[in-house]
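There are two complexes below, and they share chain A, which is joined by chain B in the first and by chain C in the second.
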Partner chain A sequence: MSDAQFEIQLIACLVAVACAIPGTFLVLRKMAMISDAISHSILPGIVVGFFLTQDLNSPLLILLAAITGVLTVVFVEKIQQTKLVKEDTAIGLVFPALFSIGVILIAKFANDVHLDVDAVLLGELAFTPFDRVYYGEVDLGPKSLWVIGSILLVTLILLFAFFKELKLSTFDAGLATSLGFSPVILHYGLMSVASITTVGAFDAVGAILVVALMIAPAASAYLLTTNLKKMIGLACFFGVLSAISGYWIANFLDASIAGSITTMLGIVFLIIYLFAPSKGLIAVLYREKQQRIEVSLITFLLHLKNHTEKRERHVNHLNEHINWQKVRSKTVLTLALKNNMILITDNIVSLTKKGEEFTSKAIEYILTNEDSLIENMKDDFFLFRG
Partner chain B sequence: MEKIAVKVDDLTVAYNYKPVLWDIDLQIPEGVLMAIVGPNGAGKSTLIKAILGILKPIAGSVTIFDKPYKSQRKHVAYVPQKGSVDWDFPTTALDVVMMGTYGGLGWIKRPGIKQKKSALEALEKVGMLSFKSRQISQLSGGQQQRIFLARALVQDASIYFMDEPFQGVDATTEVAIINILKELRKAGKTVVVVHHDLQTVPEYFDWVTFLNVKKIATGAVKDIFNDDNLTKTYGINYKVSIQK
Partner chain C sequence: MEIIEFVQLAFSDYTLRTITLGTAVLGAVTGMLGSFAVLRKESLLGDAISHAALPGIAIAFLITGSKDSHILLIGALVSGLIGTLWIRGITSKTYLKSDTALGLILSLFFGFGMLLLTYIQKQPNANQAGLDKYLFGQAATLVESDVWLMTLITGLCLIVLLLFWKEFKILLFDKDYAQTLGFNTKFIDILITSFIVLAIVLGLQTVGVVLMSAMLLAPAAAARQWTNSLGKMVFLAAILGASAGVFGTAISATQNNLSTGPVIVLVASIFVLFSFIFSPKRGLLFKRIRLIKNRNDLETQKTLAFMYHIVEDHDDVTHPHTIKMLNNFQGYSRKGLRKLVDKNYVEVEGGMWSMTSKGFKAAENLYNQNGKNV
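The block that comes next holds the complex of A and B.
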């Protein structure tokens, strides 16, 4: 691995972590689309900043562009507050307008400089090692590395300082207000961090990948954990994982690095979406199937409890009495037998003591909806896990 | 004469220029357990939110023990409506209760052992200690409401505002909650509850405010909880038979 390769991966990883942190809060605040809006509408800010500074990594340019990002949020909120359009419509109105101003500015005035729409949308990680910082004669590394490194450092400091405030205002803005933690300040603080990160990452990975790096890792992490700290940690991990694996795939295929990283983000999400232990698609479908069977089981047990006459409890008659098909009856019968809830003597089914108790408890729960009754049943049965 | 815990003067709140609360004057004496009743859209939640500074009034003022709310935050606890938060948020019951301690900590400072201890005590008080590590979406509606109550209890305030704490809870939880509220009153705290079930007002509360955009009446339940005020609040045909 050459120095340049190492530097590219390092930059990609730092960008991934810097994006995953604000991204986690955007996902939890149901504001994923805002990051898309910001990433596009900072373009005019970048162009104007570039006219003024002639340097894509200048702090002034980053600041100007970040202000455009925050302004986007303000515009969206203002339009939405009129109640004439919904939030998603407002987003769809604001960012194309700002983005197109940027596109026109580039076409009109910046034709002869290193700034074109392609580079803005897709970025070019491969070129980042060429633009370097020097202290006198000493090579201090790629500029991008310094830019995103500083942004990440500030993000981490803010995260550690205001973690509790961010958590509270994201979960319950009303309580945050009443306790004196202004959700408005925290909201715009988060929007500023998201905007600055977007601008800082922009040059390296482009507008589209920035969105993917903010949202996909956080969305993946959300499906795996019920702890906010772990969610942030996992989001960073998935971002870094996709960044490194994406880089090597791009290397192998001789394709765009940004494109490969985004693809990996998508693949990581897809795998987790399918296989996450409790919130994954397969787990959910399995649970639903189990719940259907358990509802059948209770129906069946209730039938036995309600009917003392033998005719009603004969194995062959059960199908037609409850109006089930053979397969279903068989599954339920096996399940009940396996759990020692029924006895079958001479093809007559009867409830055991355990089955008797289980049925009464289940019915009582269904009638009263009181949770304490079924605490000890929750481990065995899906139905009662809410 | 007992102390006035909350004093509301000429309070008007509007959404998009339509007043939802109109010129409210209200004094809540210290140590009462008060219900705010009124039909849907009467501004009950709005009144609480305006007192707590969550909504900005277009006119009027609020004082808590004779001082503006901002300087009295530590004396006030708030239980929002259960539906106002996302219960899928990645956090545990204990963690939500800990949030009640944030106000005392102020900015930046993190909760420590002391805060955790009082959160655990509050969980025990509402009978939810064994659920402390459970993710909040895995709790039933009644349990979620108890978690919110515990979160207010850790604030160790003098005044508690609760927005429909009985909404969507089962009978056992309702009894558990009202017992805790009565305990608070016994300890000299003031408790203000947005309440829907008129039948239980005389049983649960000793003070009541009738609200329907304007304040209709406020005072002791035994004095003013009658058909006359109910009719004024809920419309001309309202009749309810109340066992006193």
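The block that comes next holds the complex of A and C.
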């Protein structure tokens, strides 16, 4: 592994962590699309900054572009406040307009300089080691490394300083306000950090990857944990994992590093989306099936309790009366048998003592309609779940 | 190039005519379908779909090796639909919210598409130049067959809209009711979503991935401000979309170095801004004017009520009083007093005012109404 390769991976990892932290809060605050809007609408800020400084890594340019990002948020909120359109429409109106202005500015005035829309949107991580900082004669490393390193440092300091405030205002904005934390300041603080990170990272990885790095690791982590600290940690881990593996895949395929990191993020998310223990797709589908069968079981037991006559309790009658298909009635019967809730003699079904007890409690649950009761009840009575 | 020259050329020059027609038709169809997207609160779906279409374009090229825009569009359509369905899957089966799902699909698909595009670029035999026009759009690459395709799809979309008008409408405003009436909401839902995806994919070549969402939203958002009827809104959005296309093409053709896509989007954004401010019912300007008018009316009524309280104990209600006793606190202003005089509720002579019997009656009713409300 050459020095350049190491530097590229280091930059990619730093970007991943710097994005994952604000990204986690954006996902939790249901503002993920704002990051997409910011990543596009910083373009005019970058263009104007570039005219002024002629340097894509200058702090002034980053500041100008970040201000455009925050302005986007302000515009979106202003449009929302008029109540003429919904929030998502407001986002969708503001950023293409700003992006268009940026594209036109580039086409009109910056046609012959090193700045084109492709570079802004897609970035090129592979070139970052060539743009270096020198102090006198001493090589201090790539410029992007310094830029993104300082942004990450600021983000981390802010995170540790305001963790409690951020946590509170994210999960209970009302309580946060009543305790005297200004939600406006926190909101715009977060937006500023997101904007600055986006701007600092776009040169290296491009605007679209910034969005992916903000949302995808946070969304993956969200499916795995309900603890904020763990979520941030997991998001950073997924970001770094995808950054490093993505780099080597790009190396192997000789393709865009940004694209391959995003693809890795996608694969990580897909795996977690499918297999996450309690919130993943398979777990959810399994739980839904289980609940469907268990609801059928309760219906069936109630039916038995209500009817003493033999005709109503005949196995075949289930198919006609409750209108279940054969397979389903069979599953329900087996489940009830396995749990010792019923006895079958000569194809006549009757409740056992345990079944009686369960059914009475189930009626109580149906009458009071308290959802919390039923799961405990199932835990108490079921040996086998549906 | 001057505007007049543009108009002449638009009729005589093949390229310009094709582009103008193409953007106009595109604007019309996206405006129409955009109305549904906006009303369904799925405004950003357009953004997500347009990004999600990119890997489809690259895969279609990898499989067929052809740069024929129609084949690539089929790839875009398929991957756009997969993206949409996955967004639905994420929001319905996990706890992730719709904004996260949109952002995820948008960035992940786009990144994957970029990976494929750069991979194609490095292939020795691939003649891939021109694939990246889908990123930012190049209206100049439109040819007559593209316009025909667009027109065909617009026609198809119109027929479907007319056929399923009542189903679309009821799904839009009251989904549960539609379900209880026995409509197959899933089918209608997929139908309208597919058409939205189709319209977006059509526009990719012209305005590009990034700006496509604005083409979908802006005409609809502008049209929404002028009417409360779905039919009128769809019609108006189509007209606004088409005119944004034509004006945008005209402006970019008359200037050097202006790509068509961004100009069209800016023109559409100006339409939105204009509608936000000047629409008679919902517009900010008239809302402001109404607010000020209402406030003034209230102040005048306050003054009238105050006068009424003074004169109600007098035997002669027209007994004059000094104007000086009225002050700001009772909502008094010179303009307000003049208004009362104009309405013949009050007469002013020198520094004194006196209530007319008409004014007394009006004030009495005013008071009663207020009393009832309390």
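Heads up, the rule we're going with is that the second predicted complex is superposed on the first by the 366 of 386 C-alpha atoms of A that agree within 3 Å, B and C clash if a C-alpha of one lies under 4 Å from a C-alpha of the other, contacts with A are read in each partner's own complex, and residues count from 1 in each chain.
Following the convention adopted for this analysis, a residue touches a chain if its C-beta (ideal position, glycine included) is under 8 Å from a C-beta of that chain, and two chains touch if they have at least 3 such contacts.
Everything numeric here is computed off the predicted structure, so don't read it as measured data.
With both structures placed on the common chain, the touch criterion links A:Met31 to chain C but leaves chain B unconnected. Once the two structures are superposed, chain B and chain C can be ranked by residues of chain A touched, with C on top.
Contacts of A:Phe162 after superposition: chain B is touched, whereas chain C is not reached. When the two structures are aligned on the shared chain, A:Tyr222 is found in touch with chain B and with chain C. Look at A:Leu179: by the touch rule set out above, it reaches chain B but stays clear of chain C. Using the contact criterion defined above for the overlaid structures, shared-chain residue A:Thr170 touches chain B, although it does not reach chain C. In the superposition on chain A, contact of A:Ala12 is made with neither chain B nor chain C. Touch criterion met: A:Ile101 reaches chain C, while chain B stays clear of it.
In the superposition on chain A, the residues of chain A touched by chain B in one structure and by chain C in the other are 30, 222.
Here chain C touches chain A in the complex through residues 38, 41-44, 46-47, 51, 89-90, 93-97, 99-100, 102-104, 106-119, 122, 132, 135-136, 210-211, 213-214, 216-218, 221, 224-225, 257-259, 261-263, 265-266, 269, 272, 276, 282, 284, going by the rule given at the top.
Residues 27, 30-33, 35-36, 40, 79, 82, 84-86, 88-89, 91-93, 96-97, 99-101, 103-104, 107-108, 111, 117-118, 121-122, 208-209, 211-212, 214-216, 218-219, 222-223, 250, 253-256, 258-263, 265-266, 269, 273, 279-281, 284-285 of chain A are the ones that touch chain C when the two sit in their complex.
Those residues of chain B that touch chain A in the shared complex are 16, 49, 52-54, 70, 73, 76, 78, 80, 84-86, 89-92, 96, 99, 102-103, 105-108, 110-111, 135, 137-140, 142-143, 151, 170-172. Partner chain B is touched in their complex by these residues of chain A: 28, 30, 83, 161-165, 167-168, 170-172, 174-175, 177-181, 222, 225-228, 230-231, 368-372, 385-386.
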